[in-house]
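Multiple structures are listed underneath, in C-alpha cells.
In what comes next, subunit A is part of two complexes: it sits with subunit B in the first one and with subunit C in the second one.
Up next, the complex of A and B:
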C-alpha cells in the first residue's frame, strides 16, 4: 500500500537508509557521551560559572543609561516616554471617566463628581445597538445577556475599568499596526527591519517586556496599555502586510491607470480592497488586547485582571472564578461583535438627511441622554443596585470545598501518580543531559531537517541559553512544555480524528475550541489551582487546557483537507475504514498535524510563562521574579531564552512539515 | 524609420522588449536581439515581449491575439507604461512615453487613457456610480460634476437604475459594464481592453461584443483589445496582431490573417474559421458594373453578411464603395462556393 499513487511515494530508499544510519550514529554518540563523558569533560555537563556572559547586567546597564542619559538631540529618552505616556493617559482618563469614575473636579479624596459615568443600562443599550447593527437581533440578545451577566454578578465596575483600557488600546493598536504594515509594504527596507522584530515579538513571552515597560512608564494603567500595544501591534502589522500583498494586481494597475498618487493608491484603492483580511486583524487586536490587559494587571492595569490576580494570591476561588466568568463574558461580546463586523460586507450608501444616514448613532445618543436623565431620578438606572447583585463567590468556594472533601484523595492520587511516574523522572532525565551534547544534537537535527543554516541557528540559540547561565531553568521549561504538549497531542489528535470523521461533531468541536481560544490565558489558571493547588502539576493542567485547541484544530483540518480523489482511490481498492484512516488520511495529513504540533508547542510556551504565578521553577518563574524585583536585565534575558526555545521548536517543526510535504508530493502552503 | 504610417499613427511601438528576471537590460545587451528563447531561459530570464514593432491607427480596433502566457498583458502594460520596457520605444501621437516625467505620465493616464481589466477590478467598497466616478474623483473633480458624468456613462452602458448597487450584487456581465463605463468616464483617446470578456459565459460574451461594437460606432476611440479567442478577434478587429512567445508573428486584417496566414501557427487558428465570415465582398466580386436593377451591398461587408440577400432570390448583388461608386458584382455561385468551402 506504500505506493497508492505517485503523490504518496517515498523518496529513493537509499537516501532514507543513509539518513537512518546517520541518526542512529548521532544518537549513539550522544548516549555514549552522556553515560561516560562526565569524567572526561565535566564542563560539558555543568556550564562553568566563569564562562557566563553577563547579558542580563548589560541590559540593565543599557536600561539605566536610557533612562538617565540617552537623548535624541532635541529631547531626551525620558521625555519621549513621558510624551507617549501623556498621549495614552488623556484618552484613557476620558474613557475611564465615561465608563467608570465619572468626570471629577479636584484631586484625590476631595474630588467631586461633576458628571456621572454612563449608566450601566446605557452601556448595555449602546452595545446592543452595535450588536444589532452588525449581526441582527440574535447578536444583540447575546450581547445583552453577557453584559447583563457581568452586572448581575457584581463585576460591572471592574469590567468597565478593563473595557476602558481596551477602548484606548485597540484603536491605537489597529492604527499603529496598519501604518507599520503599510510602511513595510511600501518600503522594502522597513520590511527588512521589521520582519525579525515581528518574529521575535511572536515568541518572546509577555512577562519579559512587562519589566522594561514597568521601568520606563511606572506602575499603572498607562504602562499596561503600552505593554498591550507592544503585544497586539505585531499581528496587525503582519496581517496588514499580507493583506496588502494579496490585493489583486489588477486593482493595483487600475490605481495606476486612473492616475492615483501614492497616497490615493494606498488609501482609496489598496486599503479598502483589503478590508476583509484587515478586519480579521482588528478582531485579533481586540482579543489580544483583552488577553494582555488582563495579564498587565501585574503592572497596574486594574479591573478584572486585578481581581483574578488578587484572588489567585489569596487562593480565594469564589472571587477569582466570578471575575474569570466576567472576563469570559466580555471576551465573548468583543469577539462576536468584531467577527460580525468582519463578516459584514460593504453596504449600499444610504441617501437622505443626517438622521437618516445614521439611525444607530442617533438611537445610541438618545439612549445615553435618556438614561442620564432618568439616572438623576432613579438611582437603579445610574448604577446597578447592590441589593440585586448575586454573589456566587461563596457558592463556588463551597463547591471547591466539597470537591476537596469528597475527592481530595482521588485527585491527590492521580496527581502523585503522574508526578512520580512521569513528570519527575522526565525532569531528572532532561536535567542530567550534558548541555554541550544537547547543543550538538540540536545542531545535527537542524542540519538533517533544514540544512546548515538551520543547524547554525539552533546551535547558536541553544548556546545563548547555556552562555547566559540559564540551562537548568530552560530544561525545566522544556520538560514542562514537553510533557504538556505530549498530553495535549494525546488528547487533541484523537478528538481531531473523531471530529474529522463526523461533520456534525466537528461543528460542535469547532464552537468549543473557538470559544476556548478567545479566553484570556489567565482564566485557565483558576480551575486548575482550585483542584490541584500550586505546583508543576497544576501548571501542566492549565497549559494542556490552553494548548489542546490547536492540536484538535490542525488534526481535524488536516484530515478534512485530504484530497478526496485519493480517498476515492483507497475506497476503490477496498480499504477498510481503519486502513483508510491510518494508511491514507493520517499519512497525508501528517504535515498539517506537524504544524498543529508546532502551534501546540507555541501555545504551551506562552501559557507556561503565566503559570509562574502558580509556582513553577522554570524560566517563567525567572521572568516573574524579575518583574516583582523590577530587574529588566534578568527578565529580558530569561524572556529571550524562552524565545530561543520557541524559535528552535518552530523552525525545526516547520522544516519537518516541509520535508513531509515534499515527500508526499503535496503543494507548499503559503503562510 | 521606414514605416510610412508612423507620422499619423496614434500609438507606435518600436523594437519593444520586456525581459523578466534579474539584471535584464545587461543580459539583453550582452546576448543581442537575435537571442533565442533557450539562451534567455539559461540566463534565468523570461522573454515576455520580444522585438515588437507595431502602429495603431486612430479610430481603429487593434486586436492582439495570443494564447495564455504569450505576452499580451505585458505588451499592453508596456504601452501604458505600467511597467518599464527592457528596451525599445513607445510613442503616443509621436511623443516618446518613456522619455517623459512621472507626473506627465500620470497626466496622460488620467486624461488620455482608459483600461478595462479581465477580472473587472471594481472597488468593492464603492457603489456602481462611485466606481464609475472614481477616475474623476482621483483627478479632483467636484462631486456634482463627476456624478453627472458618471451617470451618463452608466446609462451609456445600459445600467441605468443600478447606480446604487454594490459590485458584488451584479452579475459578471454587469460588472464588466461598470468596468467599461469607468474606463470611458475620462473620455480617453486610447482605450485598452485586456481580455475584457474572457471571464464571462459564452452567451454573455457575445452580447458584450455586440455592445462594444455598438459603443465603438458612437465613440470612435482608438482601441487596443486583447483576447485569446480567435473568433472574438475576427469579429471585432480592424487589424489583428497574433502573438506567440512574446513575438508578433503576423499583423494584418482579419481577412488576410485567414486567407494568407503567415505561419503554420497562424494557420492552425484560422483553419476553423469560415472564409465567408472574414472575406469582404470586394475580394469575392467580379469587377465591373451589373444591371441597374441589382440590389446593392457595401464593399466593406463580409460575404456572410451579404449572403441572406441571395436567400431572397437575388442572382447577383451590386457592390458599392463608400462614395456610392459601383465597384463590381457579387454573384450567387461565388458566394455558394465560398460558403461550401467552410
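Up next, the complex of A and C:
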C-alpha cells in the first residue's frame, strides 16, 4: 500500500511534520520490539493457549440452546424460524412451478402435472416485452440474445430453477432492505444498532453462517434463499438510508406543509423522490444474489450452480463454462432491466380502457396463452428441442490441454519466481511479527487516521482475533489478500486510467469486469489448478480476477468525475498530458481510488472461502472445515475474524479517504 | 434430476408427522427424499435405489444436497436417505449425527472405499521398485516426484484437510522423503492429475475408488504395509516400533444413512434400503460408462434395472 503517498500541498505543514515524526517513532519502536522482544516477552509473539477465550464453544452452546430450549412462550424459536421458512417456501413454489416444474398434484414421483410450466418462448417473450417497455428495441434485443444463449446451450431447465429462487430472493431483499433503511432513517437508535450488524452481514463469509441457517431453516431452497438474503440485503439498507438523507429538505418541508401524515410523508414524498439511488440498491441486490448461486446450490437450491460444480468435478471445463456463462447472461438481463427502469422517466398515465392503459400486460398475457396452447400441439414450443442444442463439447478442455502441454514449463518458471521472491518472503515476514506489537501498531494507525475511537475499535478487533487463537491463520489471510489486493491495484489502476481516457474502451472494460464479477470463480479456478498446481499462487489468481473489478471501476469513475473546470485550468496553464494525469486528475481522484482500494480489499476477503478449495491454509480454510464438520461455533468465530480484518481495513481506508478529501478541499461524501 | 415438488406441501408436512407415529405396516404416501451429491457414483447409487423404491410403489423425491451439509437436513427429517456415506471421509460427521439420535446407519452398501497413494504407470520407469513402498525411500526416486518447492523431497498431493487420512503421520512414521501438500477439493486433486498426465509429468497423489480416475488413467496404488487397527493405535506394531500410522490406509465401508424416522414411516422402503447391495466392480463400470462414455445416469440406471431384475426384486420382497 505504498502507493498512498501523501499529497504535498498539506494545509498545515507543521502538523504534518509532527505526524511524520510520530509515525517514524512508532515504526521504530515496533521494529525494535520485533527484533529483540522475543526473549523479553515470548507471550507477545505466540499467543498463549491458556489465554484463549473459548468463543467458539459459547457460540455452539448458544446454537444448541436456541434450537432446543429457546422459546417465546407460545412457540419455540425453532418453530418461529421454520414458520419463516414455510412462508418463503410459498412464493418460491409458485415461481418454480411457473418456470420449471409446472403445477403439480401430489408429491414426489406420484405427482401429476395439472398445468405445464411457461414455455421457453413465452418466458423470452415476456422478458423481451419488459425490456421493450423499459429500454426500447435495443434492450429487448439484448434480453432475447441473452436468454436465447441460455436456451441454445441447453441450460434452460437449470437456468429457470435459478431464476425462480432469484425472483423470490430479490423482491424480499429489496423490500426488507428498504424497510430496515427507512427504520434506520426514522429512529437514530435503529441506525446505531443496525450499522455493526450490517458490517458483519457483509463481511462474514457465507460458509460461516450456512450451518446455523441450515439448522434453523431446514434443508433446501428456502435455506438457500435465507442465506442469499443475509448476503444481498445490506447494500439495499445502506443505500436507502443514504438516499433518504439526500432528499432535499425543501421537499421534506413541503410535505409537512401540505399536511402529510408521517406515513404519507415516507411513502408518497421521500421514497418516490429517492427512486434513482434506490434502483442502484435494487441492482446491487440482484448482482449479489446471483453471486450466491454456487453456494446456494450446495444446500439444495440446484440449478445452474449445481451444474457448474458437477461439471468441474468431472473436469468438464466446457460444460462448467457454459453453465457459468448462463449465470452471467441471467445477471446481464436482470441488471440491464433494472438499470433501464431506474433511468426511465415515466410519462403521464394513459387514459382510456384497461387494455389501453396496459398494452404490455395484455401483450404478455396473450403471448403466454398463445404459447401454452401452441405448446400442446408443437412440443418444441413448450420446451427447447434437444436436437437444436449446441455445446462447445471438449473444445475448452482441449484449449487448456494445449496450454498445459506447451506452456506449462514457462508458466511454472514465472510462478516459481513470484512465489520464491515475493509470496513466501512476505508470508514469512507477516508470520514472524509479534501479535501484541501489531495490535499496538494498528491502534496507533487508527489514532492517527481517525482519532481515539478508531484506535479503540481497531485494537479491540485485532485483539479478538488473537484471543480466539486465530492469529496465525489471520496473518496468512492478510498475506494472501494483501498480495492479491496489491496486484489487483497494479493491474486495475492503469486499466482504469486507460479506460477513463477513452470512452470506447470503457464500454468494453465494463463488459469484462461485469463478467468477472458474475462468472462463478470455480469456472476458472480448476483450469488454473491444472496450470499452476494447488496452492497460494492459484488462490491468488482467483482472488485477483475477482477483486480487480472494483479497482478498475472506481479508478475510472474517479477520473471521469474530476471537475472539468480544473482540467480546463490545467490545460490553460500549459500542462502536458502526463502532467495533467499525475498532477491533477489522479490527485483529485485519489479519494475515489482509495474507496476502490477499500472495495478491492472487501472483494478479496470475500473470495477467501473459494481459495480454501484450492488448499490454502487461512481463515477461509477454517470456515470450510467447520462447514464440513457442521460445527457452527468454529465457523462463526473464524467468520468473525474475517469480519474483523475487513472492518479494520474498511475503517482505516475510509478515514484515509476522508483525510485525503479534507486535504484536497473536496466536498465530504456521506457514507 | 428434476426435483418434483408439490404445491400444498406445507399442510402435508404436518399431517405426515402425525401419521408417522403409529407403526403402520403400510408405507406412507409421502415422498421419500433421497439426496443427490455431485459425483457420478453417488448419483447412480441413488438413482438405482430410487427406481427400485418406485417399483415397490413408494413415492420418491430426489433432492440436491452437499455431502456433509446434508446432515443438518437428515437430523430434522427434512431429508430422509443418503445413499453413500464413506467411512473414509464422512465418518466424523456421521458419528456426530448418529450421536444426536436422529440419524440412523442403514448398513453397508457393499461397496468398499479404496484410498491410497497412487501414481501413473509411466512413473515406473523412473522408479522401478514401485509399487512396493520401499522404492519411495530411494532419494533418486523421491526426487523424481519433486517440484521446485519441495526438492529434493518428493511431492505428494493429499486430499483436502477435511478428509483426514493421516498422511503427514504416515510420512513421518515410515520416514518417507516426501512433503505432503493438501488439495482443497477433490476437483483440484483430479485437475492436477489431468494436468500431469497430459504432460506425462511426475505426480503422486491420493486417489480413491470407486471413481472414474483409475479407469481413465493407467496407474497403480503404492503397496504399503497392510492396514490393521493396531497399526493406527499402537506405536509398537508395524515397521516403525516407535510410531503409529506406519502402514497403508484402511479399506472403508460405504454406508447408507438416513433419518431415524424412516423405519416407522416407510417400513417397506426401510427394508429395501437396508437390503440394497452392490459391488465395487459393478459400480466402477457404470461410473466409467457415464463419465467417460457419455451415457446419462438415467440410461445406465435403466440398463442395470433391466439386467438385474431378480436381484432388486428380492430387496423389495417380490
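Quick note on the criterion: the second predicted complex is superposed on the first by the 572 of 671 C-alpha atoms of A that agree within 3 Å, B and C clash if a C-alpha of one lies under 4 Å from a C-alpha of the other, contacts with A are read in each partner's own complex, and residues count from 1 in each chain.
Operating definition for what follows: a residue touches a chain if its C-beta (ideal position, glycine included) is under 8 Å from a C-beta of that chain, and two chains touch if they have at least 3 such contacts.
Remember, predicted model here, so these are calculated numbers, not experimental data.
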{"item": "Fit or clash between subunit C and subunit B when superposed on subunit A", "value": "fit"}
{"item": "Contacts of A:315 with subunit B and subunit C, given as first, second, both or neither", "value": "second"}
{"item": "Contacts of A:260 with subunit B and subunit C, given as first, second, both or neither", "value": "first"}
{"item": "Residue contacts on subunit A - larger count, subunit B or subunit C", "value": "C"}
{"item": "Which superposed partner A:556 touches (first subunit B, second subunit C, both, neither)", "value": "neither"}
{"item": "Partner chain in contact with A:483 - subunit B first, subunit C second, else both or neither", "value": "neither"}
{"item": "Touched partner set for A:59, first subunit B, second subunit C, both or neither", "value": "neither"}
{"item": "Minimum Cα separation, subunit C to subunit B, after superposition on A (Å)", "value": "39"}
{"item": "Common interface residues of subunit A - those touching subunit B in one complex and subunit C in the other", "value": "none"}
{"item": "In the complex with subunit B, residue positions of subunit A that touch it", "value": "248, 250-251, 253-254, 256-261, 264, 268-269, 272-273, 275, 345-349"}
{"item": "For the subunit A and subunit C complex, residues of the former touching the latter", "value": "86, 89-90, 93, 96-97, 100-101, 103-111, 157, 210-211, 214-215, 218-220, 297-302, 306, 309-310, 312-315, 401, 404-405, 408, 412, 416, 419-420, 525-527, 529-531, 533-535, 611-617, 621, 624-625, 627-630"}
{"item": "Subunit B residues within the subunit A interface of the complex", "value": "77, 80, 82, 106-107, 109-110, 113-115, 117-121, 123-127, 130, 134-135, 137-139, 164-166, 168, 186"}
{"item": "Complex interface listing, subunit C residues touching subunit A", "value": "1-7, 9-10, 12, 29-33, 38-40, 50, 54, 59-61, 63-66, 68-73, 76, 78-79, 92-93, 96-97, 147-149, 157, 160-162, 181-188, 190-192, 194-195, 198-199, 201, 212, 291"}
